[in-house]
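Chains: A, B, C and D, in written order; residue numbering restarts at 1 for each.
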Amino acid sequence: MAAITTTAGRRAIPWGWIFGLGIPALVLARIYYLVNVVEVRDYAFFIGAMVQSLQLGSLYALIALGYTMVYGIIRLINFAHGEVFMVGAFISYFLFSGAPFALPWALLWSAVLAWGVAFILNLWRGSMTHPTVIAGGLVAFAALTFLLSTFQVNWVAALLLSMLFTGVLGVVIDRVAYRPLRGAPRISLLITAIAVSFLLQNTGLIVFTRNQTPFRPETDWTAFLQFDVLGGTVYTSRLMFLIPILTAVLVTALTLFVTRTRLGKAMRASAQDAETAQMMGINVNRVIATTFLLGSMLAAAGGFLWGLNFGSLNQPAVMGILPGIKAFAAAVIGGIGSLPGAVIGGLLLGFLENFMTALFPRQGDFPGLTEFKDTFAFALLIVVLLVRPSGIVGEDLSEKV
Amino acid sequence: MSMLSVRNLNKSFGGLQATTNLSFDVEPGEIVSVIGPNGAGKTTLFNLITGVYTPDSGSIELEGRSLVGMRPNQVVDAGIARTFQNLRLFTNLSVLDNVLIPQHHQLKVPWWQAVLRTPSYRKAEAHMHDVAMEKLAFFGPRLMSFRLHQPVYVLSYANRRRTEMARAMATGAKMLLLDEPSAGMNPKETAEITQIIRRMRDEGGYTILLVEHKMNLVGEISDRVVVLDYGQKIAEGSYKDVVNDEKVLEAYLGKRADDDASEEVEL
Amino acid sequence: MSDSRTRLRNVMLTLGVGAIVAVLLALVEGNGGAKLNDTLALFAIWGIAALSLNLVNGTTGILSLGHHGFMLIGGYVTSLLIVPADVRERIASQARSDMTPFTLSLSVENAFNAVGLQALTTPETLWVRFLVALLVGGFVAMIFGLIVGIPSLRLKGDYLAIVTFGFGEIIRLSASTSLFSPFTNGALGFAGVPNDFGKSIWWTFAILGLTLFVMTKIKFSSFGRALQGIREDEIAAEAMGVNLARSKVLAFAISAFFAGIAGGLWVSYLSAARLDFFLFFLTFFFLVAISVGGTGSYTGVLMGVAVVVFVQQYGDPLEKTYGLPVWFGVIGSLILIAAAGGWLYRKTRRMRPVLHPLVVVLGLIGLGTLLFAIFGQNSPALDGTFQAFGMRRILLAVLLIVIMAFRPEGIMSRAEFSWAWALRERKDQPSDEERAQDAWLSNPDLNRGSATSSEDPLPASLTAEDAPNAVPFLERGTKPDPDEPRYGEGRDWQPEQDDEEEGR
Amino acid sequence: MAKKLFALLAAVLLGGTAFAQGPVTIGVNLELSGRFATIGNATLQGIEVAREQMSDALGQEVELSICDNQTTPEGSINCAARFVDEGVIGVLGPISSTMAIAAANPLEEAGVIMISTSSTNPATTQIGEHIFRMAYTDDFQGKVAARYAADDLEAERAVVFRQQDDDYSFGLAGFFAEEFESLGGETITLDFVSNTVDFSAQINDARGFDADVIYYSGFCAEGASLMPQLRQQGFNQQILGADASDDSQCPVGGGEAFDGYILTGFGGADVLSGDAAARAEDFAAFFDVVYPDAADFNGFTLAGADSYNVMVQAVNNAGSADPDAVLDALQNLEGYPGVSGDITYAGTDGTPADRTIAFFQYSVPGADGSEWTKSSLFGIGTGQ
């Protein structure tokens, strides 16, 4: 827990406004300088960079939401969330690409996911030996084996099914690895999260594939798109519309669920104080399972769109690490524990990465900031954690003596 | 020159005014008790003195040196040690270690000499060991011999209280802040603690500032009493005249229904 | 036994064991294969790194995930200083390498020549240059350790862990950028680092012994106690005068120094310095070693490292390609064992119903797969082979999850191997004489009969309500003063309930 | 000194078969899993088929001790340590320079011969006299590509994409840029690391340079992401590649972005001249019998086969399994009739003289790159 007691009232300087207005002004000035004075770039290029940042930012936001929700409820930095994002992407690949799992792996996956479905039903039916729970489990097992081993679907169904499967997988991870540690100190919980992330990485290498896979579902959303604006041409694709819109839909759905439904209210209550919520009759285990379910579903959506955006998926052991940690940085920058914070943080990080490399291009012997592209996220994460651990939107979670 | 002088101390958390221009002094060798109903700001006062919180305004001076803005370990260097209301001992370490750690800040030997166990380090270690034994001996044979090396979580509640007191003394501080030392103790143990506190003052030469709820202990041992209510000092003086003070009764027992203040109330 | 005599005895015993280990190593190096030699060297190198990480994780209670970053710095500085001249020409001649003539001239050999120690630049005295390069690598890593230590003053718990992870990744990612590539030869790194130090058991075990010496001396010194105080309760430690800033930064710096040394040896072991030798999996392996072995004890950490190195080096049968029937048989029997374990667990805990549906379902699946594997050998579904690439890391990950769930404090938890423990000198177990005296102290009335040698009974006046100025009752220290008034002669008082021993 | 003594001691004590006339074992250290799995397995098939053709040396059965280095330097080092323990007569592979350099150090010290089937980085054979290679070197491959870009494509400005954490790609990009600039052209080099998927930053840098040709010295794993993104960002210039992209992963992974992609690689039958072409053809025929459905029959397979042939020939020439005898037999091998052209090690530092390098071109009609074809344009010998 961040242990800085930020005493209110001392902040005379409105940092919010200074950064809020100052940075955009600096960026515009630099763009004007690059376009008119040095003539290295044209306005269209920056609009293109803006579009790319929006796409990348939405992807980071989708993953960051998972981090924020899990941290809000059980104060755990879910290191394995990056790998859940990877699993979601690969399951959707196997579903739409017509390269179904071999029978043994389909059996393995469906056994795990069926047990997860049974566990979810158990949360609502009370005990694992309840007839509907067992029936649900077996039906899920049969359906999943069939689906994973023979089926080929179009990309929309693949996206939805992969979200469902990965959601259930998230619940299974919580049930197996994190539940025995409910009362444990948070450091051992973090170490288990690291272990789970390594486990998923290497299982991915065995179950999915060992080298980079092309990710090209039959969809015309990835068709190229060029339009001329302000004297230059912007090269992008139709994804420019699909990714932000789909992200907006998912985020509003999540916000509606959290604010409007009873379970959502229970989630917010448990985020405030899990013990008291339990005393108020809230089944905290059900709430935590729902949090993992929703967080993992969003991560799976993020994985699918990530594949669409870049056209290929990295090998499982590597794909989830960098996006996972950058999304966590986005969650912290936005304010860990608050949903809007995660979205803001994600978009901010997307803009930072794309615009820093666009604003400081290669000129003469100045090599440009391309090499430092990945280190921005870490640098920003450390600065935010030191200066303002509660993030842009988040509230102060300091610890009382 | 008073040992501790607090001059119009103010501290507020957001809206809540925890301490409002509180001033009092503690003379060397004196035992002063701070009493008041729950939430009167007693523990906040301790946290302000020991540097855990920084006051909004006002001054705290130990023998003339201002403590405001010091980190807790600097306050201990200055000469004030404290015990905690809810026993914050190093539970997994042995009793001996618990009493050796407070002396670490006085160790002048650099770390690499400690690694090489140079004679100067061995001498300092032996000295620390003797000081620890002397402080523990203060509580008689209970904490000595075999119990020295047992982890603290094995000890009984009373022994843990005694270890915490010994730990506070071992810091080499001149002044002790005891936060409800007799909390959770039966009458016999309370009496024993009363003796010990008096001996600490007489033989150990400590100046003691005490927060306590048990009036018989406060009455028996304290030279002066300061009464706090809602962060303000409402009375100060010897135990006898403070007990009958009108405002103190009001603070503890609340206003009488028919406000007939003339009657003398035997506490 | 007087204190100095026990210390002498302990030193002699330790030297004896050291000699035995040296003899064993001599035997092994003689005819052990290259693989066994490599495994022992790897055990020593990773032991150094794990011990230094445990100084921060175990002793000070701060989870640091940036250890691979310090090893990278140590490794690269050591290799920059020690790489032989012909490799430097090859790098210089390489098309477009970013290394400038200045950075290429940074070597201990040139430094010795400049300083006039020509005698030490001969091939025979390579070990002197390697030692100097190792120490310089350690110091540079130590400086980075100080930098990473500073955020640890403001942050705690999982936030601090993430910041250290961030530092580790920044170091790794920026090492190949144009800012640092003049020093690190970009992502290519250095080949041809002399590996007769990293691979030689003598060097690695000597440095492991040195690390163990320093770490134990720190842990059992006043500085080590202060660090453990910080682990137990940071607020209480600061309230007792421990300077948090100085102690934490000290722990980080020493840990980073030895991480740099381990990095230098690791580079020499692999005879090349490349960025993908210092990925996060190194820190993960050390984390497994520490958590499995026991965070509070160095003996435990070394046991953990032994487990990790064994799995890493001799785990390759796990990753061979086997026929599908073999795989099915293994998975089937594993599920069966899990089911049997579940059944046994429920039986011993007398949970109702013993045959929980999950146990039954698992048993059926396991049996089914096993039978299918045995009898369905030649059916089309089972031909073809399969290789479980990365199975060793899965095994380590599962091991860590299980350990964290069932025994978070590790095998040895805080129990440290010491000669006193080995020779049964348990100081914290009371002898029966002391036990009697303690019982008497708490309940003089009850034990009046049994307390045979009660020369130090409880004071009579302790609980007399009507004694305003009670006589100073407790005697000083354990030796009773003859002229102190004897207490406990015949006054009557209620026996009080001071329940002495309530265990945790 | 201690090392040599130890190596001999280990060899003898371990029932070292180096001297005794036991079975001749040849170590095979290849990337059978991980990033270069397709090229590694293609090379292994080449070695196995060559062993089918000629399975005995000195009258004994030749045994292959296969070790998968999982495309990691430490895996390659472990394999090398295993071969030192087993006392093999020689080691074939690895295919890539990074793994080859990692394995070459311990093998050179233990005095074991190593022939890297397709490592083209000059540094590999410079490690020691026991280290040979079957392929040409990158400086030749870079020069030829640069000359083709400057003369045939009349390009003045070239963008070079380089994978900075790989010896092969780093060196090759350097040689191309050096030669291209010496021919009066102008180049900028853009770096990426292995497993990069998002090339937007590098493409942004390339945009300001309006190049005529793009040279890619990386592997197919990253190429399959880079090429589509280049096409999407409006870069329609001709793309030149190297032998690392001679791998089915490229056209299948990159799809139609690889249509018209020209690459340099190991010469197959149709670029060799005279009887070398004939030998290559009947090897290809024999190969189809053993592996009818092999997806990748390319220069790597031929290089694997020739490495095996040359090793066995050296053992036969030496007449005994003594490492030093085999070494100098290999060192003055003259004009061996290999399936990938004549092989001569005499007078070289381990790089065979006069290897032919071929220019191929991909044509990928369908969008998803399922039916791609690779046609060879022409071949150039190292001599010219």
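Quick note on the criterion: a contact is a pair of C-beta atoms (placed from the backbone, for glycine too) under 8 Å apart; a residue touches a chain by one contact, two chains touch by 3 or more.
This structure is a prediction, so every number in the text was calculated from the model and none was measured.
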item: Contact-richer chain pair [C-D vs B-C]; value: B-C
item: Distance-to-centre winner among chains (Cα means, whole assembly as reference); value: C
item: Separation of mean Cα positions, chain D and chain C [Å, integer]; value: 43
item: Separation of mean Cα positions, chain D and chain B [Å, integer]; value: 77
item: Approximate Å spacing (C-alpha centroids) for the pair chain A, chain B; value: 50
item: Distance between the centres, which are taken as Cα means, of chain C and chain B, whole angstrom; value: 38
item: Multi-chain contact sites of chain C, meaning residues that touch two or more partners; value: 176, 235, 389
item: Shared-contact residues (touching 2 or more other chains) in chain D; value: 33-34
item: Multi-partner residues of chain A (at least 2 other chains); value: 210, 371, 401
item: Chain D contact footprint on chain C (complex, rising order); value: 30-31, 33-35, 38, 90, 94-97, 176, 186-188, 191-192, 195-196, 270-272, 274-277, 316, 387, 389
item: Touching residues on chain D, where the partner in the complex is chain A; value: 33-35, 37-38, 188, 190-191, 195, 197-198, 200-202, 204-205, 207-208, 221-222, 224-225, 228-229, 231-234, 249, 252-255, 367-369
item: Sites on chain D touched by chain C in the complex; value: 2-3, 9-10, 13-14, 33-34, 68, 70, 72-74, 77-78, 81-82, 84-85, 98, 101-102, 105-106, 123, 126-127, 164-167, 170-171, 173-175, 177-178, 189, 193-194
item: Residues of chain B defined as touching chain C within the complex; value: 50, 52, 71-73, 76-77, 81-82, 84, 88-94, 97, 100-107, 111, 114-117, 121, 124-125, 128, 133, 137, 139-142, 144-150, 153-154, 156-159, 167, 171, 186-189, 191-192, 195, 199, 220
item: Partner chain C, residues of chain A touching it in the complex; value: 1-4, 75-77, 103-104, 108, 111, 115, 128-129, 134, 176-177, 180-181, 184, 186-188, 190-192, 194-196, 198-199, 201-203, 205-206, 210, 317, 321, 325, 328-329, 332, 367, 371-372, 374-375, 378-379, 381-382, 385-386, 389, 399, 401
